[in-house]
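Presented sequentially are two complexes of chain A, the first with chain B as partner and the second with chain C.
Let's turn to the complex of A and B:
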């Protein structure tokens, strides 16, 4: 079989995907991944119609992960959604939620004003279909790229290219700064490339596939430039990582993706590789702290285990417990939508319960929007693993 | 599950009702395209007629072919007459058969393996008989059909279309019934009764009950296709029909949205036809001794894949659903002519010349020209009966369009991608009945067959039809069980539905299971590798493991 062969042929209708779909478990409004994905794909090839429940797929990829036949079920759904919207008018809500990067750039001049405006306009947002209960992220006062420009790095012969992604760049730049500090502690210089654009994940889930493909072409050109020189590319956001590494291959027929994808790493994965090579700085200071950990679906979809958990296990005194309680329900911007908010919270309810019952007040997770949802649903603080790794390095020198 | 027991009396009388002491003017033998075409034509001209079919409608060759409504391009060079008939009938059927014909259009594509000289000859021959051929660039062809091999050399567009054999037969019957036509399925002919060299009746046996009865009639028309020789033999007359077996492959999805023919002299494995959710590739050609020699084998499948690769180079990465075989009824006055060497034209044999009046056989021909064959033979018979009404089968639609209001209503009750298909399968009347079932019990909207999008309500409606006696009869009416999982999930659901509805033929659920699963297995066995093998193991797990079907059947037998 060809790799990423996007036709429904590998499906044996076994229904394992339905049993593993968090949306199907939360609502009867979704007819399930098997039906909406490969089964209806056969119909889509012969007829023009729309399955109304297609909009309920979150692209969380639990179906793809559980499929014993390697069918890219969620990708079939995303392609079908794009086909449906190709010549149709889109809602303002979906445009706003898909274009976080553009919105951020508009707001970048005055993030304080933008945040104030956002607070005041929650009523207006609700009118256009964005839930007024959803945990919308505030903009940071200074973007990651601004903070990075003012940072003096020590130069080393070993270099990595960092792909920050929109969430780290505009909403949570401290994660990027922590990552740079960790790489410096490992004698790596971090390169930031100004020409990177949004990976396209929010565009894909809302059916703006053509724009996502434009972004993909821009990013692939930049990624290829660096990987041709032998530089590893690193992400701290698991959805960006999945998009660059795997979804580009499934969604678009662009040459060369398979080649550069070999050089793409999640930050935790990269550091663990260094550890395997005996090249990791293991001067970890003791952290006598307890945390819960949540594995983002888009990390699990990459099939690399839980590198964040393994890495944190190297830190003396640190107690990190994997919640292992499934999807948080946010799925990028899905949980922000007025008509999806309740479903999103229902999907995450098992995870929230596990976290609350653990009695631990902080949850570690790689994904920015998972952290937002967990903070909102379980009423806890959240952290990226890189923040703890940096903290441990700094504790060693105290 | 219930025990076997004896058939309840009500069941027998139910079956008897149709065949006891009947009388008609004309008996038509054969529930395939030609037979139903004749039945419709006779009834539209006001002649009383009964059609007999030994199995279910469209059980024979009329559903065991690729479902191509030929433009005639395939025959133009070698048999101009057949080519001309095809384009004329193709034009008529695209008009009257909108609900069984899909106007896909077709390509004739010459591959790098095919003789360039033939191309010119073909274009010229098509022009001569009036088949429009429009040359397009290979780039354009690949843009329209991206799965085509980029190695193809030249492409022409022709007005080919896909025609659903099951639906076409059903719609002819529905039309005939409106004019008083009657149909008896699972009824086999065991004798032709005559007196003073004139047909007076026919002796039949119900294959389900074994009951024998007579039907009085003035005329018998045998449209038994590959079985025509056997029917004629009952009257001591020799008709030389050579069954010629063709094997085909059904693929799991539409790998092309147009029909693709290989531009070369007609040969094996050179036609791909998209059909609803699937694609069919065919065929092989081999003379066989028996008309029901329809068990395909793996060697034929591999041969078809090898040949098909020239048009679709990724053919081996497409999932096959099953293989199936049918027998072409090739007729020749010369008993030595076989295969594609024999004519595809049709012949009406008036057995008055053999000394028996009131008996006609129609032999040879092909699906595309079924209506014309029916018209010719009906003209002949009407001549004898002194019926002057002209043929109108080319003017009147097989079934009327479903009204926009009913379609809008159907969309409220059927799932996505389901309303149009259901409407074309059921016709307006059937559609209303299925909608009524869903209105009464909204849970009947759920899909019983997910692969082919068939609702519980539609399966129940088809199962309740007077011509349904087993799950396969329901399958032929609905496409249930003909998709990806090939019965893995819909078999137990449909058996459950039949049992829950208390249908007279559904008393012994073990028999229902066995009949349906064995029917599916027949087409799966010759392609049992790759994903098909995995699918089959899942099916085996469900039926042999979880449900222990074989154990139940064995125990019942003790």
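Let's turn to the complex of A and C:
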């Protein structure tokens, strides 16, 4: 398997990453991936030197994707950010945005109250640096794990473990429920593991690397336990997937990632593999509907193409058009920040324009925060591909 | 099992052209790409053959083609296919609204940011030198704070070129007010001109320093998108002709070309898989069944009826150099190279001879299939295109994108 290697000297300073960086295109305040990443990394290896514009990197990974020399530029940036914040006091804003899981657990008792509180306190949030225009996601009245507990699944010998991630668990549980329904339609039983914690992506982007590593250790132990038994692990969130399989390897030195990563799948990819093996339930009902599709950057970075698009192409009548208009700009919690909101919207402006011009009122995308941003920026409805797959299976029986 | 007609390995110009030609033939194509190729580094103009052995300029690209050595890829591809490939490339550009000018029977000498001229074959309309050649007076326009473009250097060096020595040069500067933040590159200026406000502001500033009717040499900043809107609007507003120079990376003209080709392929149903590190192949009796990518997670297998190997040379990773030998890592195809690797380099960097290492590569037959030392085809359904081919130093002879287009096209037509 490809061993990970963070070598800034592989950079030939060709600047392809600069041409492909959406942040560089949106603001002149960012000195660009080449300079902030590998070039300054050579300095940082010998001295503690912070580049102020490092804060503008969103970790969207378009630089890594464009690099002809395989330099993990965005990861160099995240490591440098963590090093900078290691012994410094953090803002309340960054703490709140990085600890979505903790915040969700605090609010879990009364999500309705929490949502009301959030609406009322947008002014307060703005004061601490969270934009009052940003599309902060409300909490669901019941979390995915609660809904799942009340769900009666048919038991099958084939089982998969589902890693829901914070967004599906606390904000958008219906995606998880749709996924379970799709797996059941394919004669798989879904296992939920209560010991999973946040993948750490929101922590990493704000420099809370030590906490992210603690989460990684917990998740790695649980993931490995299941894959050692031969169970595949499936995610519906592409940023969780990227973190669990790739960024853990790039950021930390923890044993075991390589072994379980072989068995970690994006939901769309898993179903396409079933199709290759001739065992996908292809009783798809016709859906005479038109959608736009947005490929999350963190899906593109995974080297498996666009499985969601290929999967949806199997559904009769369905017309899904890839917007192919670059990054949406949200990058997890980047676009929630008061001082980054405008940059985030500028990054997404090309995508929003493409979507609006298409005249289609709903956009399909795997990533939860991409969906938030697109709904906000293009004023459209959004869906996860699994929702459409479930709908098609149900249409078959009508 | 999902099977494609053709899997193209590599998303540079050779791979993209192969995919385009294959799609045109009605084939179902997947491109496996890693990084965004070298188009955004390398200029976006199509050199076919600029200099012969000994550094002598070829009179025309056609004349250059007649004089290439026996092992040169052009020799294998042959003149008709080269002509067709150029025609096909121009047809795509035309169709996509970003047409290229030039042909094999005329060498175009275009200005560079160093104030020299370089020979090439096809250029975007932003680099058309027709008016520049006619002009008695030329304005060289720079932008304040822009790195790597010094108008006075250009004016000074042009005075040393016989065909340009008689002209009068005036240097003018525009302040794009981009000094806040990072260093300014041509990309920043081009993005400024992409916006309506930026373009309007630029026109206002230019009005004061550029008289109507001028021929203006500028860095490659006429928008980042593959169209001529910025050029047309500027020229209409000011009544001038703008000529972009070839310049250093990031290459705006290369970025436009890549954006256009990728858009064309996607429109035509080509599947492009990014971050696909092709590492191995499954071969049965001289036929490739599949290629295998390795990610940080696991291997993925891509089945196809035919494969086009366009993953570059030493820089792109299509060829690996080890002491005394060169390895082609996916199919382990033979690469003839001196065992004494001291002989790979011409140690006189700016000499009039090509670099021996640049000429190391894969031997192919006229269909671009890899062959062994006896000329016997090694793999029946694998076709090679681009920088991994043997026998040419693109940098020395100025033939890079020409070989990429011709070999990519020929590979796709041979499938």
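The working rule: the second predicted complex is superposed on the first by the 396 of 398 C-alpha atoms of A that agree within 3 Å, B and C clash if a C-alpha of one lies under 4 Å from a C-alpha of the other, contacts with A are read in each partner's own complex, and residues count from 1 in each chain.
Assume contacts are C-beta pairs under 8 Å (C-beta built on N, C-alpha and C of every residue); 3 or more make two chains touch, one makes a residue touch a chain.
For clarity, every value in this text was computed on a predicted model and none was experimentally measured.
When the two complexes are overlaid on their common chain A, residue A:47 makes contact with chain B while staying clear of chain C.
When both complexes are overlaid on chain A, the residue A:304 reaches chain C alone and has no touch with chain B. Of the two partner chains placed around the shared chain by superposition, neither chain B nor chain C is touched by A:180. By the document's definition of touching, neither partner reaches A:355: not chain B, not chain C. In the superposed pair of complexes, A:103 makes contact with neither chain B nor chain C.
Between chain B and chain C, more residues of chain A are touched by C. In the superposition on chain A, A:8 contacts chain B only, with no contact to chain C.
When the shared chain is aligned, chain B and chain C each come close enough to touch A:69. Touch criterion met: A:39 reaches chain B, while chain C stays clear of it. In the superposition on chain A, contact is made by A:245 with chain C only, not with chain B.
Judged by the document's definition of touching, chain A residues 1-2, 14-15, 31, 35, 69 lie at the interface with chain B and also at the interface with chain C.
On the side of chain A, the complex with chain C involves touching residues 1-2, 4, 14-16, 18-20, 24-25, 27-32, 35, 53, 64-70, 245-246, 249-250, 258, 261-264, 272, 275-276, 300-306, 310, 322, 324.
Considering their complex, residues 1-2, 5, 7-15, 31, 34-35, 38-47, 49-52, 69 of chain A touch chain B. Those residues of chain C whose C-beta lies close enough to touch chain A in the complex are 1-2, 30, 34-38, 40-41, 178, 180-183, 185, 187-188, 191, 249-251, 255, 263, 266, 271-277, 279, 293-300, 315-316.
Those residues of chain B lying in contact with chain A across their complex are 252-254, 257, 274, 276-278, 314, 317-319, 415-417, 420-421, 447, 450-451, 453, 483-485, 488-489, 531, 534-535, 538.
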